[in-house]
Each structure stands twice: as structure tokens, then as C-alpha cells.
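Look at the two complexes coming up: chain A is in both, with chain B in one and chain C in the other.
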Partner chain A sequence: MKALLEVENLHTKIGQFSILQGVSLSVCEHTIHVLLGRNGAGKTTTLRTMMGYLRPVPGIIRFEDQELTGIATFRIARYGIGYMPEDHNLFANLTVEENLLLSLPKQDTHVRSQIAKMLDLFPDLRVAWRRPAGTLSGGQRQMLALASVLVSKPRLLLVDEPSKGLSPRFVERIGDALEQLRSETTIVLVEQNFYLAKRIGDYVTVLDEGHTVYSGEMQSFAASDELQKRYLGLQTDKKGGAK
Partner chain B sequence: MRPVRLAWLLLSTLFLMGFPFVFGSGGGTSLLEQIFVFGAFAMSYDLLIGYTGIVSFGHAMFFGTGAYAVAIVLSKTGGSTVGLLLGFLIAMTISILLSLVVAFLSLRVRHTYFAMVTLAVGQVFFVLAGSQPLRPLTNANDGISVLTPVWLNSNLAVYYFILIFLAIVTLFLHRFIHSPFGEVLRALRENESRAKALGYRIFHYKTLAFLLSGLIATLAGGMYVVVESFVSTSVYDIGSVSLQVVLMTIVGGVGTLYGGLIGAGIILWLQNELANLAGSYPVFNHAEIAFGVLYVLVVRFLPNGILGTLKGRKGRWRWTSQTFKKSQT
Partner chain C sequence: MMSTFFTLALDGISNSALYFLMAAGLTLIFGLLRVINFAHGGLFVWGAYAATFLYSAMHQFWLSLCAGILIGGLLGWLLERGLLTAVYGDGNQQLLLTMGVLILLSELIEIPFGRDPVLATVPPILHHSWVIDHVTIVAYSLFTIGMGACIFGILVYLLQKTRVGLIIRAGVNNQSLVEARGIPIRRLFTIVFLLGAALAGFAGALAGPYYGSITPSMGMDMQLNAFITVVLGGLGSLSGSLIGSLLIGLTTSFVSYYTPSFAVLANVLLMTLVLLVRPQGLFGEGEIV
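Let's look at the complex of A and B:
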């Protein structure tokens, strides 16, 4: 399968601290590639570096045949890469409608159909249409954040912990939505919730202390208690599920 | 347009159009002319602070540049209409160049540094306007008395000229902030990092907002000369112009557009009243103390300014009444 995104030997510093010290991954088209790792492993920094917020020195990020290293964030977004950060992912004082309209590319002529599609995917947003995003519940906010990224039809979607702080009902719905999108886009997902990750992920890359320590198919990773224990420190319960 | 809003617009238009006929062209009308000029200036500042989230402490550099450019050209051309137009044209050209230079130097840095850079550049203009080497052009600290074109010799003509200017600026800014570009500016104010990730080139948007805000402030400065027929270094003064416009915007309501006009009205009226009282009570000579107290009171009790608070209450009332109606059905 063709790789849409290739990251090679990514090194990123924040201030004087080396956060990434050799992250590599290859993401195939129309797959969900999950980044796993303990807290502080460098998952969010990897996404922020890919999106151009942080400059890697050294390291290569290639999207299709275009080198993204050192390119400004707004240009990376214009190549068709959508980013849903963990926090601060909305315009809190603007309405749901305004948030979605601002996320549409200027040249998009199918505004209505794109927005209707998002409202079908996330019906909760329909009732909150005229409300400021800051007044929405945690789950609604995450849905709006995801809809805001999806409405521009990105070719690659970087999603950082969409399930954080959500009730199991909302986690399920976010998972369903991401699964539905697999045929339309490619997703790199940072996720702490291993149940969600193994449910929807096709491939997995595990990071530890800023390094890539494992890359492979999610199916084999989810099936191996030993791999989960070694890389994520997960214990296996009596029913065979990781916890 | 909603009927209530339309009624307000018609009433205020009628009031302002008829004011000189009812109250004469004396003190009240002159005060209104100043309010119109500073109102337009404050609204231009609100575009920056309220809609883009950029704080500038040197907005007087635009106001003063407009005032000086128009005054110098008018004085050199003997107060002709061509001189007036040329003055505004030169003022606008300088304003565009100035905003581009300041934006290039400082808009990429953090907001605090930007505020400091504008403060410094504003001070440079203040010093230049009063400097002796430039006396042939600016008349240094003595200022320039200006002859305006013949058709602006009556108070009534000046009043309507400034009123039309205010109407055009208000209409333009209203349309601008409700345009897609205005929406993007509000998005930048809310969450710059998010706007970048959506593909918006932040620097370009901020620069254009700064340029436009500066341009309107420059035009307001030019209008100030038409009203006062005089200009001195005080138009570049941080205390009496730059900080005053900040106060006007905060009192009226940041991010409300018309709040700047309301703030200008309150501050200038208060200034006028205090000046009158100072004749009998010397304690009122220090108007700055009153403005300091006003600022503290507004920040403490009306953090969103007068118009911002009124809008907030209206919004809350709508929200409560809708929720109540839903609970009844």
C-alpha cells in the first residue's frame, strides 16, 4: 500500500529539552494509524512537529512527494492536512455555525452540502447550531472540533486524544465517526484509550522517551499481551483484555 | 434589519441631522464634532483591539500623521479644496507605509512587544513634530494654524462634513467586521494557533487589520484639523490621544464597534464639563484623576464596557426567555 506520510528520524527540541529523539513512521492511505505511548513519550509533540508548530532538527516529514519540514503551519494546512489538537481546538466565543464556516476552505463551493454532511455525522451539533462553542458540553466540543477539521475534507487528519475526558457514550460515537471516515481520509490518531485504539486502528507506532520503539499492524499488537506489557506497561486481566 | 434597530437608526440619524438647528451651532455642536472625530478614531482602534486582539499604545501616530499631513498641505496651498484632498491623499499614503513598516517590524512578535514598539514609534513622531530642524514644516511646538476651504467656513458645513465622514466610517466598519474577513479576524483574536491550523496566514490578516485601522485613524486625524483649524504636537501625545482612545474603547465596550463612539461621547462630554467646573473649582483642573477613577469603576463594575454589558444582558435575557418558553411547552 502507498505511503501518504513518511516521517524519518524526527528530532524536536522544546526550549533546551530534547522531546523527540528519533521518531519514524510511515502512514498508508485510507488507514487509521495510532500513536501510542506513555505520558511524555512525545506523541503530541510528533503531531505538532508534523503540523509545523515546531521545527525538527534534524528530521524529514514527507507528505506524498512534498517535503513539509520547515514549512509554515498555514501552508501545511493548505496541502490538505487537518489537525485536531488535544486542547484549545475551537473558537470559544464564536457559534457552532461560525466555527464550521471558518473551517471551510475559501474556494469551497459546496458549503451547504459539506456542513449538512457534518451535521449528519454529529447530530448533536444541530441543536447547538447558534450557541457559542464555549458553552457546549465536553462531548459536543470534541464533536465540533472534529467536524471543524473534517468539513474541509482533509487528505490527512492528525487527531490528538479525541476521547480525553469524555463519557463512554461519547467515546463510542467519536470512534464510530472516525471509523466511518477511513474510506475518505487517512488518520493519524494519538490515543491513550487503548480499547478505542485497538478497535479502530489499522497500524500502530509506539513511542517511548521520544523514540519509535515499535511499528506494526494493530491486529498483531492487540493480540500480543507481551508486546502491550513491554511497550505500554499494560497488565492482562483474567478475561484476556489489557487494562 | 430588525424593526427596533431600524427605529434606533432613524431616530439617531434624525437627532444628529437636526441637532444644530435645534441647539444652534455653538458649544454643543462643536462638542459633537469632536465626538464624531474621536468616535471614528476609537472605532478604528476597536477594530484592532476588539476584533483582532492586537493592543497598540501608539495609535496617536496615525491620528497625528493625518492631522499634520492635512494641516501642512492646507497651509502650503492656502486652504484650497485641492489642498485638502491632496493632504488626505498624502496622509493616507504615509499611513499605509507606516503601518506596513511597523507591522513588518513587530507583528510577528508577541502582543506585548508589539504594544511596546507602537509606543516607541508613537514617541518618535511626537519628538519629530516638536523638533527644531523640522520647524519649517511643522512649526515645532507652536503648532500650525490652518485655513480650511471656503465651503468649510461655516460651523454647519463642518458639522455635516464630519457627520458624513462618521456615517461612512461606521457603515464601512460595520460591513467589514461582518464580512468573511472580519470573521477571520475574530477567529484570530479567539485562537491564533487554531486559525493557523485551518490554513489562515495570520501575519497577512493582522497586517491588513492594522493597516485599515491606521488608515481610519489617519482620516480621523485629518478631520480633526478641519474641526479645529489648528494642529500641535498634542495630537501625537500618548496621554491625551493614545491612552485616551484606549479608555474610550474600554468604557464603550471592546469588540462592540459602536462602543468606541459611546466611549468618545462620554469621555469628551466629561472632559468638557470638568473644564467648565474648573473655572469655579480649581480641583477639577486635574481631569486625569476623574478619568482614572472612571477607568477603575468601568473595569470593576462593567468589565465589558457599557455597550458590551448591555449586549450581554440582552443575550442573557433572550437565553432565559427562550429556555422559559421551551419549559412551558
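Let's look at the complex of A and C:
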């Protein structure tokens, strides 16, 4: 399968600290590629480096044969890469409607159909249409954040912990939405919730202390207690699930 | 007694219009760029001299107002592109830099025009006043109030009803996310700075005929009052600037009439009082309109 995104030997510093020290991954089109790892492994920094917020030295990021290293964030977004950060992922002072409108390019002629599609995907947003995003519940906020990225039809979607702090019901719904999107876009997902990750992920890359330590199919990783224990420190319970 | 009250109130409100034009630019710039632009007073002075010089040469009032806007915008553009881009994120450097530019602009204007006041005349069409029930109504004051109200309406429309306004409001809240939506935030910084600077130039152009004369030091005085206005209303809030400018304009007018030497002190005391009760100012931060 053709790789849409290739990341090679990424090294990123924040201040004087080397956060990434050799991250590599290859993301195939129309798949969900999950980044796993313990806290501080470098998952969020990897996404932020891909989006141009941090400059890798050295390292290569290639999106459809286009070199992204050193390019400004807004240009990377214009190549069709959507980014949903872990925190501060919406404009709290704007209404739901304005959050979605802002994400659409001004020349987009299919504004209504795109927004209608998002409201079908996340019906909870309909009732809060005119409300400032800052007044929404945690689940609604995550849905709006995701819808705001999706409304511009990105070719690659970088999502950082969409399930963080959500009730199981909302985690299910976020997971369902991401699964539905697989046919339309490609997703790189940072996720701490291993149950969600293994449910929807096609491929997995595990990071540890800024290095890629494992890459492979999610099915194999999810089936191996030994791999999970080695790379994530997960213990197996009596029913055979990781915890 | 009542006639004095109404005359002073009218004078105070027209003063407020000038303060508002200055404060609106300052607050927009602070709201998005997080820069407290002390050079704003310098742009005001240059706007005043450009408009006065052009009007005395050509007797075209509207053209002279446009000259004030243009000179303010041009200087603002040069300041943002040439100097401020290097110090974004560093409050101390911004403070020193913009104060330096204020002094430089005020001093430079003395080279061709000197320190003495330069007469700024009101155009004949606005050179009228009426006395109704002992209340003096000056046409140019009404014109200044009208201009301030128009600019407020245009800014509210711009911020609430246009895509640029939507992006500015989003940028005030979350700049890095604006970039992730494919919007170049630095270009927006330049647009907003230019807009704020043009408003300062416009305020200067209006202020000349309002005060009757202009001096190189008038920018420093206006800067102080505009700064008090913005802090009082809430840094980053346009509505706050409107209310703040009304309070400062009226206070200046009334206190100057009864005890002229206490005008600035009264404004500072008013600001202190408000900040003691509401440290974030009357309207606070977060929402620019």
C-alpha cells in the first residue's frame, strides 16, 4: 500500500531538551495509524513537529513526496493536513457555527453541505449551534474540535488524544466517528486509551523516550501480551484483556 | 448651572471620541498581538501634522483626514514589519522599542515644524457653533463624535460580520490553532497593526482642528490618556475602550473646568479605583468586541 506520510529519523528539541531522538514511521493511505507510548514518550511532540510548530534537526517529513520540514504551519495545513491538538483545540469565544466556518477555506463553495455532513456525524452539535464553544460539555467540545478539523476535508488527520477525560459513552462515539472516516481520510492518532486504539487502529507505532521502538500491524500487537507488556508495561487480566 | 453641565458633557463626549479612536487601535493590537504599543502617540502626532500641513496647503479637509490615516498606516506598517517582528513574545523589548519610537517620532517632527504650536484651522463647513438654552454646541465637536461613532460601528461590523473579523476574534483566543487552520497569523498581525496605526493617524488628523493647534508633545499626552482608557476598559476589549473613553473624556472635561491641574490625576485615580474592584478592567480580556 502506498505511504501517504513518511517520517524519518526525527529529532526535535524543546529548549535544551531533546524530546525526539529518532522517530520514524510510515503511514499508508486510508488507514488509522496509532501512536502509543508512555507519558513523555514524545507522541504529542511528534504531531507538533509534523505540523511545523517545532523544527526537527535533523529529520525528514514527507507528505505525498512533498518535503514538509521547515515549512510554516499554515502552509502545511493548506497541503491538506488537519490537526486536532490535545488541549485548546477550539476557539472558546466563538460559537459552534463560527468554529466550523472558520475552518472552511474562504473559496469553499460547498459550505452548507460540508457543515450538514458534520452535523450528521455529530448530532449533539446541532442543539448547541449558536452557543460559544467555551460553554459546551467535555464531550461536545471534543466533537466540535474533531468536526472543525474534518469540515475542511483533510487528506491526513493528526489527532491527539480525542478521548482524554471523556465518559465511556463519548469515547465510543468518538471511536465510531473516526472509524467512519477511514474511507475518506488517513488518520494518525495519539491515544492513551488502549481499548479504543486497538479497536480502531490498523497500524501502530510505539514510542519510548523519543525513539520509535516498535512498528507493525495493530492486530498483531493487540494479540500479543508480551509486546504490550514490553513496550507499554500493560499487564494482562484474567479475561485476557490488557489493563 | 445646567447649561454648563451640558456644555461640558458635550465637550467631554467629543474628547471621548478622540480617545476612543486611539484606544480602539491600542486594544485591537494588544488583543491579537499582545503588544502594548507606546508608539501609538507618535503615530497620532504624525497624523496630526500630515493632515494640518496638507489642509493648510490644499484646503481639502477630507483629503487631509485621508493623509492622517495614510501616514498612520504607513508608519505602523513600517514599525510592525521592520521592528516589532523581531521582538514578538518579549514584553520588555516591545516596551522599550515602542517607547523609543514614540520619542523618536515626536523629536523628528520638530525638525521641520519646531516645538512651537502650529495652528490647525477648522474647515469653514464645520466652523459653526450654536447656543441653545445657554448650552454651546460646536459643529466640529459633533463631527468628531459622529466620526468616533462611525468608526465604532465599522469596527463592530468588521469583527462580527466579516471573515477577517472572525479570524481576528479567533486569533485573540488561540493563535496556534488559527495557523493549523491554514491561516497565516503573521499576516493578520500586520493587518491589525496597520489598522490600529491608521486609526491613531486618523485621531491625530481630527484632533488638530479640535484643539485649534498642534505640538510635537501632544502625542505623549494623548498616549497617556489612551493607555488609561484601555486599561480602565479592559485590555483587548473594544466595548471596554468605548466605555473607558467616555469615562476618561467626561472626567477630563469636568475636572479641567473646575480644577485644571487635577485632570490627569483624576483619570489615574479613576483607573486605580476601577482596577481595585475589577483588576481585569471593566470588560476584561477574552472577547474583543
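As a convention for this text, the second predicted complex is superposed on the first by the 243 of 243 C-alpha atoms of A that agree within 3 Å, B and C clash if a C-alpha of one lies under 4 Å from a C-alpha of the other, contacts with A are read in each partner's own complex, and residues count from 1 in each chain.
Definition applied: a contact is a pair of C-beta atoms (placed from the backbone, for glycine too) under 8 Å apart; a residue touches a chain by one contact, two chains touch by 3 or more.
Owing to the predicted nature of the structure, the values given are computational and were not obtained by experimental measurement.
*Asks:* Looking at the combined model built on chain A, do chain B and chain C fit side by side or clash?
*Replies:* Aligned on chain A, chain B and chain C clash with each other.
*Asks:* Applying the document's definition of touch, where does A:Phe91 land relative to chain B and chain C: first, second, both, or neither?
*Replies:* In the superposition, A:Phe91 touches chain B and chain C alike.
*Asks:* By the touch definition at the top of the document, which applies to A:Gln228: first (chain B), second (chain C), both, or neither?
*Replies:* A:Gln228 contacts neither chain B nor chain C.
*Asks:* Considering each complex separately, which residues of chain A are in contact with chain B in the first and with chain C in the second?
*Replies:* On chain A, the residues that contact chain B in one structure and chain C in the other are 51, 53, 72-74, 77-78, 82-83, 85, 88-94, 98, 101-103, 105-106, 148, 152.
*Asks:* Mind pulling up the chain B residues that touch chain A in the complex?
*Replies:* These residues of chain B touch chain A: 180, 183-184, 186-187, 190-191, 193-202.
*Asks:* Name, in rising order, each residue of chain C that touches chain A in their complex.
*Replies:* 163, 166-167, 169-170, 172-174, 176-177, 179-185, 286-287
*Asks:* Could you list, by residue number, the parts of chain A that touch chain B in their complex?
*Replies:* So the residues of chain A in touch with chain B come to 51, 53, 72-75, 77-78, 82-83, 85, 88-94, 98, 101-103, 105-106, 148, 152.
*Asks:* Which chain A residues qualify as touching chain C in the complex?
*Replies:* Touch residues, chain A against chain C: 51, 53, 72-74, 77-78, 82-83, 85, 88-94, 98, 101-103, 105-106, 148, 152.
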